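Presented sequentially are two complexes of chain A, the first with chain B as partner and the second with chain C.
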Partner chain A sequence: MKRRNFLKAMGATAAGVGAAATLGAPSKAFARGKEDIGECKSLKITVLTETSWFDNDQFKKDIVDNGGASTNQYDIPWDPKNAGGYATLLEIEQLDGTVNKLLMDTGWSNEWMDYVYERHGIDKMIASKEIDTMVLTHWHLDHFWGIESTLKHNDKIKIYAPETMYPEDEKLLYGGKNEAKGQLINKNDVPFKGELVKTNPKQFYKLYPGVAIKEFDVPILLRVRGENVVYVNVKGKGIVTVTGCCHPGLLTLYSTARRQIKGGDQIYGCYGGLHISLFENWDPKMDDIIKGAKAFNPKKMGCNHCTGWVWAENAAKAGLPIVKGTNEYKTYPRQSAVAKDSNVFLTNGDTVVF
Partner chain B sequence: MTTTKYNYLFGLIAFVVMIVVNFALWRLFFAPSNGVFKLFTPMYGLSLAAFYFYTVILVADIFGWKNETRNIVKGIAPLITSIVVFYVIYYVFFWNILGQFGITYFSPQAQIATGGTGLEIWNARENSSLAILFVATALIWVSMIWNTGFGNAPWDGMKQTVVGFSKFFATAFIGIIFYAIFFHPNITALFQPKQVFAGVLPWWDGIAMTASSFYHLGWMFAGLFILMFLNDCMDGFPFNLFRSDEKSGSWIGAIVALVIAVGGGFIFMYITEAIMSYYWYEPFTGGNYTDDPRFRHVHTAEIAAFFMLALMIVKVFFNNVFQPANKWLAAIVRLIVVSGAGMLIYYFYYSETLGPKFVDRVPGIGNIDDTSLCWTLMSMTMILVYDKFFNAFPIRK
Partner chain C sequence: MKRREFFREAFDESIRAAQKGFLSLQETFTEVNDAVQDVMDDTPGKGEFFDSYEMSYSLTLAYPRDMFEQMARDQGMPYEGVETIELADELCKRGVI
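Our next item is the complex of A and B:
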């Protein structure tokens, strides 16, 4: 090919590409059928504990000193004094007035979880089977390693957990202990004897009218995989997502609701860790989430845990309906070192009704 | 005139050895759970891999220090030089000179010293690493375009050191401008409050559906694959139209290389992201994992890097496999072979079983904290070192 011909051809190609670029976005993916999860009257959330650890810097140090974000959580000799936990009580009022109680997650430190359960009467609710089901959102230490605190009140409690469990998780669940570099990092002296429903992303697990679990098979830091999300459809208001850490991403949850849940076009709100600025750092991605969340037009956003105070403050400033917490958390024996007076987190002891 | 013969059996053996060395190096430096140094955090490891990749290009292609003999001892000096240069630029220049006395974000320690929100060692090091990754990307991109279009022009015939320094200063100057426009606004937006007097807010936000510079990483890496394919699988067409015995390149050649790198990059990105949208729906601003536009863009770069790795394997170890007389037929066959090999590596990396075991990763796709770029860049650098410094011994005769 001659040089002149080549340059002519290149000009024509550029024009063609320019024309093609104006044709619009590529083809959309297949639309799938929508799931009917029913409706409930209201959802009340009680923040039992959202302080998974108390000192962010120590938690990060434990991770960095042992290899970083993708290190196996069972290989890290965590500072036991820093352990707290994450757990939430969901009270779902049905259209006929009955109330179902559901426990989400079981925290990390048994000492901390025993205190939290006693403070809120969760121990008695589990023992009396007023709470007979627990949703384990994912297998992270701060959501699961406190399992003994739950099982000692009822070792047959029904558990929904992501199917992507590792042998160490199984060992702890069924009565065992794990060590990292010679240090005991967790233990459970009460073997689990109940039904374990291993959730997968192929289906919705309907618990009560208006309440369903959806598993998202996503890789997560510290070698964990998969997270359960509870979708609640509040009659006349819309979808509320209740999360442990929300690793799949809040907007992905909303988008999934729109695509896969009947009535999911109407987003009402969210509660839980949103896994945005876990370590109070910033990234343009966090601006993206604020912008994207506005597009879904949520009415009530309760957040805490791994959301990041800095993100919640910026989101509130940007006009997102962040529900403010109270100072109730100060009556707990320990507080997070990053807690601020802005109260943009729903913290320990707070409640919110959707 | 000398001709080069290839020994395909040696090529196969060398390829197997490369896999073993690759596994060992990954386990030594990067593997997040089972590694020795565990540098893949992920940006720290990725920036190290990217910057060393640039350093090899700098030594071999900018300064022209290649070993074209069958004496492998002659490869040791440029190899050690590249490692020293890499170390000095990365740790001494970026972390301790530029970062400490000029631009804070290049030094983790300087960031920590500010006491800013969220700036402890992990975040600070990841921030610095992201900045260095972007600098490396701009430098690699400009260097490859320069080499493709200009060659050694306008310094043809001069001493190699003169050519080397001239090309280095020219590519570094242009590279810094590209960095400032395409990447610097992302880095200045990493902090609270945003450093709006140091850098504009990311201007591509509306186009890319994200403020992240991964958008530019996507089309730039894609463009590099196109350039590499034309250079290595099509005998340098069309850039060879702008060369002569006296001139290894020209202004028009450089403009053509730039246009192809940009245009080809965007076409590649358009196609790959269309395929992603077909499988994962449309991305949306603020989405996570596969819904995240930022992931779609970086995944374009990852796919381009898989293809580049495949291309280098096919070329260096297997001499492009097929040598027909018709160059268009050769191009089509090589495109199919390279694309197929690239897809194989893709499936290997993201498989539920093999990939996670080999590279020590959690199965799944879409995790920004687990970009495949670190492994592919490390792999490509290994092959580059083997090709440029050790003349692919003993494959070529």
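Our next item is the complex of A and C:
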């Protein structure tokens, strides 16, 4: 009898409440060489900005009108008025009480990112080297094109980025500009002079005790490939995944933790975009993602950006531990057109502690 | 309340709680699709990106269907009646995605 059939049968016939808590958790993966990424005391996330763009319809129109989703992102004359950006501050408290600060992504519009950085004091943290490292999750415009806003405060900041960079990415990073159909779409007047660590899927990149980057080689639209995910192991609580867009998929991230990270069979939660109902579209198959996530028994799920409000609302109704946000985002100069009063997103200005 | 009634009620309550707990357990395992269970079981050769919608949702479900049809049309690929996951897999093999 296969394990799943065994468990189904057992669920129907066995008795005893105490067993439910034990058997409800996923089984441990086979004990084999697992990566020890260490442990930290806690992780605090500050949502600097998750509004990569403000109008979903305009973003989709820019894609469809310029050849579709397989088009090179550098060939699309994006509506500049729709540009925002994605960036997150991670504060990792170590077991000895010291705190490491890590920047994830650098947004899209320089005007928007300059505002966001000043509002949260990120500009000063970068300049003082309180933040000396940035993880670029992937090379999409809304996560990378605002690079000048970071480099203007420290052009030697250490950057971890997927090895799958294109010449246009390199041009922008090292000081340059790109045009699409005669329209300036990005620029960087501050050439990067620091260390660029090009990540690949073959290894874990350990940043601090309890914190490691894993790159996943996954297909992404707009001619981008590969995404970095930050794994954080919180002592006594388990693994937290921190993502930009989660293009590899949440269930892949959790299963990778179980298979490859010491202690990874205990999932604590996640933060970031989950890339499910990007344009607020709904497919009944998305219910299966909710069921799949529940099977891993996460305790805290902070989601936003490309997750889709509709999915987050349905996930919360289905019992997933979605952490609700506040109305802080309304004090930002602009808001997403799809933001809802249900507050199922952690959005601009919100924080969550794991 | 007599001592006998007290213990009978306590026993009945325990049985009800046990039944509730195991209905919850049964629901968990009957609702998890095979793709997810394979991942949890660490079944060799399973859990690859295009094995299921659960594993590839970030590509195959996140975008509207018409975007995949547009890419398939550009490639001269048939798409009517073809599952989105199959379209995405083929587009990926062709290097379009």
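Just so we're on the same page, the second predicted complex is superposed on the first by the 322 of 354 C-alpha atoms of A that agree within 3 Å, B and C clash if a C-alpha of one lies under 4 Å from a C-alpha of the other, contacts with A are read in each partner's own complex, and residues count from 1 in each chain.
Here is the rule we use: contacts are C-beta pairs under 8 Å (C-beta built on N, C-alpha and C of every residue); 3 or more make two chains touch, one makes a residue touch a chain.
Treat the numbers as computed from the prediction; the structure is a model and nothing was measured.
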{"item": "Touched partner set for A:R258, first chain B, second chain C, both or neither", "value": "second"}
{"item": "Touching partner for A:C306 - first (chain B), second (chain C), both, neither", "value": "second"}
{"item": "First (chain B), second (chain C), both or neither touched by A:D57", "value": "first"}
{"item": "Partner chain(s) touched by A:E280 [first = chain B, second = chain C, both, neither]", "value": "first"}
{"item": "Touched partner set for A:D75, first chain B, second chain C, both or neither", "value": "first"}
{"item": "Touching partner for A:P248 - first (chain B), second (chain C), both, neither", "value": "both"}
{"item": "Which of chain B and chain C A:E195 touches, first, second, both or neither", "value": "neither"}
{"item": "Overlap of chain C and chain B interfaces on chain A (superposed complexes)", "value": "3, 7, 14, 17, 20, 26-27, 29, 60, 63-64, 67-70, 218-221, 247-249, 251-252, 255, 259, 277, 279, 281, 283, 285, 288-289, 291-292, 295"}
{"item": "Touching residues (chain side chain C, partner chain A) in the complex", "value": "17-22, 24-37, 39-42, 47, 49, 53-59, 61-64, 66-68, 70-71, 74, 88, 91-92, 96-97"}
{"item": "Contact footprint of chain A on chain B as seen in their complex", "value": "32-33, 35, 38, 40-42, 44, 117-123, 127, 186, 189-192, 202, 209-212, 237-238, 241-242, 252, 256, 259-260, 263, 266-267, 270, 273-275, 277-282, 284-289, 291-294, 360-367, 369-370"}
{"item": "In the complex, chain A residues that touch chain B", "value": "1-3, 6-7, 10, 13-14, 17, 20-21, 25-29, 57, 60, 63-64, 66-72, 75, 217-221, 223-225, 247-252, 255, 259, 277, 279-285, 287-293, 295, 310, 314"}
{"item": "Touching residues on chain A, where the partner in the complex is chain C", "value": "3-4, 7-8, 11-12, 14-17, 19-20, 23-24, 26-27, 29-30, 60, 63-64, 67-70, 218-221, 245-249, 251-252, 255, 258-259, 274-279, 281, 283, 285-286, 288-289, 291-292, 294-296, 306, 308"}
